[in-house]
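Chain lettering (A, B, C and D) follows the sequence in which the chains are written, and residue indices restart at 1 in each chain.
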Amino acid sequence: MTEITFREALTNTLHQEMARDENVIVLGEDVVGGTGNPHVEPDFVGGVFGVTAGLYTKFGVERCIDMPISEAGIVGTAAGAALAGKRPVAEIMFCDFMGLCLDQLMNQAAKFRYMFGGKATCPMVIRTTYGAGMNAASQHSQSLHPLVTMIPGLKVVIPSTPADAKGLLTTAIRDDDPVIFFEHKTLYTISGDVPDGDYTVPFGKARIVSEGEDCTLVATGRMVSFCENAAQALSEDGISCDIIDPRTTSPLDEDAILDSVEKTGRLVVVDETPPRCSFACDVAALAASEVFSSLKAPIKQVTAPHSPVPFAKELEAAYVPSPAKIKDIVEQTVNYK
Amino acid sequence: MKTIREFEERLHKEIATGAIAGFTHLYAGQESIAVGVCENLTNDDYITSTHRGHGHCIAKGCDVIGMMKELYGRADGLCKGKGGSMHVADMDVGMLGANGIVGGGPPLATGAALAAKLDGKGEVAVSFGGDGSCNQGPVFEAMNIAAILKLPSIYVYENNRYSEHTHSSYVIASESIASRVEGFGIHTVKANGFDFFEVHEVMKELIAKAREGNGPCAVEFETTRFYGHFEGDPQNYRAPTELEDDRENNDCLKIFRSKVSEAGLLADEDLDNIDNEVLALIDDAVEQAQNSPAPTPDDVTTDVYVSY
Amino acid sequence: MTEITFREALTNTLHQEMARDENVIVLGEDVVGGTGNPHVEPDFVGGVFGVTAGLYTKFGVERCIDMPISEAGIVGTAAGAALAGKRPVAEIMFCDFMGLCLDQLMNQAAKFRYMFGGKATCPMVIRTTYGAGMNAASQHSQSLHPLVTMIPGLKVVIPSTPADAKGLLTTAIRDDDPVIFFEHKTLYTISGDVPDGDYTVPFGKARIVSEGEDCTLVATGRMVSFCENAAQALSEDGISCDIIDPRTTSPLDEDAILDSVEKTGRLVVVDETPPRCSFACDVAALAASEVFSSLKAPIKQVTAPHSPVPFAKELEAAYVPSPAKIKDIVEQTVNYK
Amino acid sequence: MKTIREFEERLHKEIATGAIAGFTHLYAGQESIAVGVCENLTNDDYITSTHRGHGHCIAKGCDVIGMMKELYGRADGLCKGKGGSMHVADMDVGMLGANGIVGGGPPLATGAALAAKLDGKGEVAVSFGGDGSCNQGPVFEAMNIAAILKLPSIYVYENNRYSEHTHSSYVIASESIASRVEGFGIHTVKANGFDFFEVHEVMKELIAKAREGNGPCAVEFETTRFYGHFEGDPQNYRAPTELEDDRENNDCLKIFRSKVSEAGLLADEDLDNIDNEVLALIDDAVEQAQNSPAPTPDDVTTDVYVSY
């Protein structure tokens, strides 16, 4: 175990996996930085969030490739290389840009194996950033995991801790299916103990963040710590919560969620996306279908409103679910008669 | 070429009987291109294809019987009946898939070429596309990426003058597809796609260049399709005698046969024999397809993931 | 009232609205057909499904515009023209192609008004086809209304009858927000009575397709008639159903759904999308949150499986929810103890 | 130009204090382009802009005080604090928005040009874009559409040599942006963007052509940015003396001032007066912005729809 940041966990994993398997290549916009300027040696940036730092220097221009601003081209290139035996890890700087490359994700990479009768594999990872919290406004703050969770053929990963960042990214790179890997912008700087050496976290296996009796909270990414804060405050009022972090929204660890709801009889799903056709709906609907008889209260969701992400600090703060709001809804749920 | 032609001619008939479901786009008329290109490739090279993909598949070496079964939606079809006409693929022969998305293939070819370059064995990737596909943004992106990374990819544009029912002269804002592609710093050739030998020659050179590490290239072939955009298309957007003229003067198979005969490469008899073998193969394919088992409901949810 | 087909209802509406307001323009691939061929007069096709037939001849090349195969360009052009005062009705031939133009839908059209502080309007309609039933395989059979229902700033319409096709398309064209209008491929040929003259159907107002006591069925598009079939069969067993067709998934007529579930105590949501983060989840989650105390049974969803749409007839038939399956699930729900 | 420069210089300082949140991309260094273009436009013409949009906004006539309030995230900002730096817009002056999506603007400009053409009043639409944006697929699509429909749109590429931290010579696979655009059958010019007068001349002609119905055109301007890609960027990917050289020899404001003086168009004194007025305006803007009310939580959900 070593205490490192979320960002370091990701960077180390990329280094480790590229060293382990020469088929792993990294590509994206500014993943190197400085390429093309005749007057400098590149590798100044390592991605705008610094996650790919040092890969160019270590593994060379053949395996760490700066790309033009062509999101469809980047994902298409990754998908084609994956079909042809490579294990590309492509960076889409902000998940907000998925609108430009969704065809390559949804109609190509996700469907190859099925359309081709099980004979193709497309082992690629798309790393991307998501989430509000940096006042980056409507086009750089979205949480678009529901958009890809709904697509059969894709796997969707959202780490919430440095250890999970490492374990899940390792699994993603070694996985034979296309994986979309969401990194919350505000988590890069958090620190935590991360296992040394080879470390994988399986897909479809939730992390039980905390255990309690009165209510189940389901959340991913940045919202996990918001739930922990809320649960902390609630415990002072004698309310204890199960907090479940599914870690992957596809596949989903349905059992972990349902077992917990059977125990607590109450469910609050927290997510920072808008409410419609969301992952929060998805989990709520699952419970309403599968453990109906255990339910003691309405299933509640704490999400962002049905609006784009606003710019101003005050607006963004009101937009994102807060620990206070989570606490409030859990209280209502527990007090429901 | 003959195999492709007869495959398509037969489909034209079978589809009319209702035996084959879905949207089917026939390649008849363009055979010289698929074959002229793929004769220069091995199983280790890659191609990507289009909605009009049967010709590319057959030319690249996909099993004709497996394809016919696939089009009939059979469990033992090349893609287990899951893909159908627009998604025939066979990784074993480097055929990365027909593609129902116009412009879907070129970025994939760019990626396959990147893999080929890393492997360093001189493999290449060819993307087939129509005149209509050349207006799709990701196609431009794919060519630009290939050019800056100097990848061994070749972008083939089969200009059959129509994208669906719209004439290419209207939708392409440039002198030609070729002249526009050239702007990407990609070596580009314009050639007669009706003549197998010309296609073959042009491609031989371009593919050799790509294998040697000279970066991507592109080619625009003039061609024509003998059937509608899809089966069922009445084609009243074509000029009155256009189709007859093409069948008369621009039939790549006729041109091929007369060139082969003139040059004394094969006797008429030998050519007839080949034709007969082809017809027998297609008959066999249809018969096998008709008698193959249908997939079962359980098959719906398999092959979505390697593991889940 | 005149009995016409679903297709005719749409075509007539386009003619009517273009005649009424010269700012209405139509653009898309092959919406004319034959353009550019020097040897023929165009207007042979009117869209591959024939919906825009005759518009070119009637309103000229300035207002009925054939476009290159450039979905992003088409939607971007429509959005820009809408910002500049036009009312474009753009056709995206299959909703499957939304992956190519989602950025223009999600980050541009949907967000202008918000990002620009309420000062922009973007009155455009994107007409598109959706759904399985024609053996068109994975890339031409998807039902992607959840993908846009989740996006704040868009409105989403799914007519299920010729009359609604007319009334909703009229409303869509006159609406000042961007609207995505889904037409099920298999519905074009159905016939029904359609009001003559000016006819609008408001957004966010469900159609009560049938009334019953035992269970609420919610469905859109082609699935509405499947529910009617199922309900017919169920009535023979003495089970009666409310069938609710929301008509617009965004805005959603929550009241109609919730009122019905409060009455019946049971809810089955039917949709032909895969299950994850779907509109079916959305409706289920709504009821689980808002009318929990009325529920007598688990909320069930009848959807397609988590897989792409297969090609073969037998597979496609098994993929799409069938009246038999709907009936089965309703029975289980009604018999739940 | 001076207003833009001082707006940006002041932002550079204010951002360092933490007063302004979010991602801010400064336009300083490129002023001659925004102004040289927009001086040829009226409020009835349209522009679309980029993430680096302040200059375009000011040049097109957006209220400077409203903009500053917007960047401060105030309720009375030009976009009520909802948009911020990357989404400043003002429909009243034909400014269709800065855009956080690289390549997001050109398709919109194409659409606005379509509207302008239908209106028949000789309006035009100009899209601003960077060197990096020219590799984005939708940008190619937008130009092709404009060309085939002969729309009155002008695609301006401001080549400041970098897209974020990557040099344009690497990512653009062609001799130049201009040569590639020309392949689309669009009249294209390459010009010196450091010189306001050259920009103005070039654009005058191109815009006049577009107004007269001659279809779209494009222009690539050589330019430089004086600050990092975004505020906070250490810029170590730039050559050691590059920035000093540019500030010394390629400062469009210096060049403008010396040309104006040389030509005796304005006395030094008058220029100084203008400069002082600008400084006072910016001071006022910042002060007003600092003292403006913040939006309230209720504002989060307004302005999503016209009606819902």
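Here is the rule we use: contacts are C-beta pairs under 8 Å (C-beta built on N, C-alpha and C of every residue); 3 or more make two chains touch, one makes a residue touch a chain.
As the structure is a computational prediction, the values presented were derived from the model and not from experiment.
The chains in contact with chain C and with chain D alike are A, B.
In this assembly, B is the chain whose CA centroid lies farthest from the centroid of chain A.
Spacing of chain B relative to chain D, judged by their CA centroids, is 44 angstrom. Rounded to whole angstrom, the centroid-to-centroid distance between chain A and chain D, based on C-alpha atoms, equals 34 Å. In whole angstrom, the spacing between the mean C-alpha positions of chain A and chain B is 39. Centroids of chain A and chain C (each the mean of its C-alpha atoms) stand 30 Å apart.
Multi-chain contact residues of chain D, defined as those touching 2 or more other chains: 77, 79, 81-83, 87, 99-101, 135-138, 141, 144, 148, 170-172, 304. Counting only residues that touch two or more partner chains, chain A has 67-68, 70, 72-73, 96-97, 100, 103-104, 107, 114-115, 137-139, 152-153, 305-308, 310.
The touch graph of these protein chains is complete, with an edge between every pair of chains. Against chain A, the residues of chain B that register as touching in their complex are 46, 48, 77-83, 87, 89-92, 96-97, 99-101, 104, 106-119, 125, 137-138, 141-142, 144-145, 148-149, 302-308. Note for the complex: chain C touches chain D at residues 25, 62-63, 65, 67-68, 70, 72-86, 88, 103-104, 107-108, 112-121, 152-153, 155, 175-177, 204, 251.
Residue ranges on chain B touching chain D, taken from their complex, read 135-141, 143-148, 170-175, 179-186.
If you check the complex, the residues on chain B that touch chain C are 21-23, 73-74, 79, 81-87, 99-103, 132-133, 135-138, 163-172, 236-240, 242, 294-297, 299-301, 304. Interface of chain A with chain C (complex): residues 72, 96-107, 110-111, 114-115, 137-139, 146-147, 149-153, 250, 252, 273-274, 276-282, 284-285, 287-290, 292-293, 295, 297-301, 305-308, 310.
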